[in-house]
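In order of appearance the chains are A, B, C and D, and numbering begins at 1 in each one.
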């Protein structure tokens, strides 16, 4: 039974606690902390976990084998570094940290430790449809990839959503997915601004990202965060001899009043709940994490930064990464 | 330029005249008659055709090379026989005649004439989707056919629709299609009565036909004539190694208010208008008609009669056909 | 932590043990037995469960709170009755027992006990798509149901598959689904024999079942157990104002060599694995089981028997059930 | 009966002659010319048309009421100007002429004539699916358009295909469609170069066009002319409250060998043959042409030129059109 300590008892923290205790076997939640001590106490009450004064105490607790970090983004660096120092596996919700420099400090700490301890919460890699996409691509039956067309649409976003969140909260999932799907780095990004939606409030919405990859591919990504009609994630990969695309996933079709209809998911919970389950199940089962690594978290942060810069300047921005330490070689399993 | 005389200027007659004059090249409408002489006069006014006192005069007219019969069903026999006697090609809307005996008199007259002159208006044989179904079937790539599942749904039917019309007007299209699709005769029929729809008025609706074929296949056919949501024609053929089915045909998909939707056709005009065009174009272009023959019209009448009997008795009814004259051998092209 | 004893360590038994220990939280497997003691020992080795000499010892074990029965069908009655007598919840793979009389003995024992302890393994009730179908039906938006068209196709079946298995192993899933979907009993069944597939060996395959329901609905069910192309489960419900149907479920579409393609599941494991997970998770979480009841197991056995009789006689067979004890009233939650 | 003269008896010329004589009623082909006099003679032999020494003679012929120009692109200006001068309606295959200046000379001649005589052969405006797209857009039910994503894929291209043809032959259809769909002009274009396909020979293929519209919309267009798997035309319009997209159009679905498949069109003939029929039928029936105008031909030429420049420079190119004469106001029906 793996004993997990959870830092952060907000919405996503509570959801991960539910998953760790009700959906995944072989795990028990033994410790929890939150700046809102009431929230921590409520989680503790349902799980029998001990409430700790802060995240560092959770990381340090003797009955904590592994840590899940779900606190605010700007606290991630502290807790992840503490876990690495303590030699404990740590699952950190995205982003890994709020600047490329902070991410790089985590990478360096992990390299110093000598083996992987950190996994970042990019759940698309665990989605059945994206995995099927990658299987077809890797099978070689449709040839080498040339382009990918993506769209990420939210029905709406919360009031606190800021213009940069289009990139840092939303597009960042596409950025990680692209790096994983094609096993290559993103070398430049350009953010274009179409006609703005009147549903969008102060946000620049939609936007169109054009990503350039080290293998010469182009990937275009529409981000619409006030699309109204539902939550819709699209992707089609053009290869030399064919294409592979995410399909609409409808369990049923209804014929009614002159139309054939099927439901569109309402939000990311509905679309990706199974992927979140698989993500944490595979994480809990792995001796060494092989999901999104600290390096992936760093690279996503760098591309994200460049995209925010391009969103402001409307110019193409080139991307330079630090040298990738051997620990993160694709043969190590995390980027292929 | 083929000169066509049209008997019957009702809805379907006017539609065929429009087709012959505006959609199909190489044809001119020179003569028309209807018991409603005003209706005949209106058609004549738009086409330059001469109004004749009755259908026999149309058939006899010197400037009529071929005849299209769209009058009431119980007059079909008279006009078709007259055309055969005159040695003129005749396209007759379904049914060929209102009893198997009358159909057989036409068959005998045509056999006496020595070559095919008669075509019956079963338009499904000209529909792109049904033809694609038959092409796959005949290609042998999915093996021999074992069953077919069909559904024929109307949004609603006119007030004058009678209980037997479920069979004689509606199911008869499926009956002809099945004989053509599999190149074999129907040997027995059973009509089952599911829970009746409260939309159906006095009609037994829906019904389920189970057709037994000479090649041992079973074909089940749902007929719903008050389905409300639209006009929907389905068919899936189960073969030994795979299946082939009619697809939903939607030019577009709309995403809106939580749903992905596409339109369903409103009625048979929308669904089969292209098939009607092809039917008359191929008829007009053929020296000898190779569409549904007098024999096909006769066989449909016999099966239809048996189905009406089963609708009343709820018993399985066996079907016996006369011997098929050589003129209608499949090698002649009309049944395989 | 619920302590579960497992009777039967064959393929399905091992799969349920894997599910109970790796997929579902809050459960531990403490006891196991199998006539093949080696098989029981291998399961025990991976779980820490104790090997017992026989199923009755598993049921009786002090550290067993609930029982899962996965042994051969003709032993089910003994173990289920023992569990009921011991007052322990028991999940029994289908069939509940191999005769209606045996099922009725279980029903009577449970009624004597006074509350529900038994759940039968009909997993379709836990499938996302079937549940969505039922939600639309129950919402009333498309009116009252009139007919349902079903097909159940296996790519192939094992060598030991007998003619009756078409009904007792395969159609029985459709029989339970129909009773649950419409909350009504099946009153008659007729099994029709289409042209036999040359892939079928000695089996009568395909067959077409026509089920008559107490609410006057008709349900037709194609069973094909050598369909070659894949595992395919279909269902469309015709209602007064619309229809609802199971959709093809494809995570992706591939365009290649002139075709748009998507994969069909290979077998029931692929199609229903998530439903099996949900089934056991809900069972483990429920204080009183609310899945398929002993009554459901009894009714399925009676209908199944009638269908086997009809398969042999080719006659329509009427179905009479015992009086349903109050314990199984729909308000108790298991049949609505 | 409208008497049509045809200039050019190559592949597309012969196809239009077939259409005018066999598919469309009310038209006769009376005159034909081609630099290859044998080709002209063969067309004449099948239609009874007279062979003329050159296109100008066809335009001038007394028994020619209207002209169809299908000769090489660089001869279009001469014949179209001659027809305008003669006051005869002229249908000109795309491009209207090979430079913006030449197109503008035709515009000026038509304006001087005082009413529309010229129609350009952009057939997508006549395609059922594109029209359905525009109907939904114009209905306002999904709000104002913000972006459109397009793809145009050919299985392969002929050996004589040059790099610029990606724009001038292929993308030009998308350019005209976008102007028509949104009733607005294109103000800038950028052509991006993804990883090149090894199927492409010397062509830059695929390319990604980003079009900026006067209404602030962005439209991205993938052009792949060696996509191998088939001919595939895609379009999805993102609006404020929903989307509308071209659907895959498959008459049938086949289940076979583990897959559900449906055919993809092989080439543009298969995909757009019905649109070509409607295009010429509506043209022949219209007293004043209301299809793509000389102005549309001019605008397409200007955008096309800019895109070719961007293809070479990889820079964004802004587009400036001449002032649009009143004759082409949207209220005149040709652009809205």
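A few comments on the model shown:
Criterion: a residue touches a chain if its C-beta (ideal position, glycine included) is under 8 Å from a C-beta of that chain, and two chains touch if they have at least 3 such contacts.
Being a predicted model, the structure only gives us computed values, none of them experimental.
Steps from chain B to chain D, minimised over paths through touching chains, total 1.
With chains reduced to the mean position of their C-alpha atoms, the one farthest from chain A is B. The chain pair B-C and the chain pair A-B differ in C-beta contact count, and the higher one is B-C. Distance between chain centres (mean CA atoms), chain A to chain C: 38 Å.
Here the spacing of chain B and chain C, counted between their Cα centres, is 44 Å. Centre-to-centre spacing of chain A and chain B amounts to 58 Å, using the average Cα coordinate of each chain.
Taken residue by residue, chain C touches two or more other chains at 142, 229, 241-243, 250, 255-257, 262, whereas all remaining positions touch fewer.
Of all residues in chain A, those touching chain C in their complex are 21-27, 128-129, 132-133, 136, 141-142, 241-247, 249-257, 262-263, 274. Of all residues in chain A, those touching chain D in their complex are 142-147, 149, 151, 192-199, 206, 208, 210, 213, 215-218, 220, 222, 224, 227-229, 238, 240-243. For chain A in complex with chain B, the residues that touch the partner chain are 229-230, 232, 248, 250, 255-264, 266.
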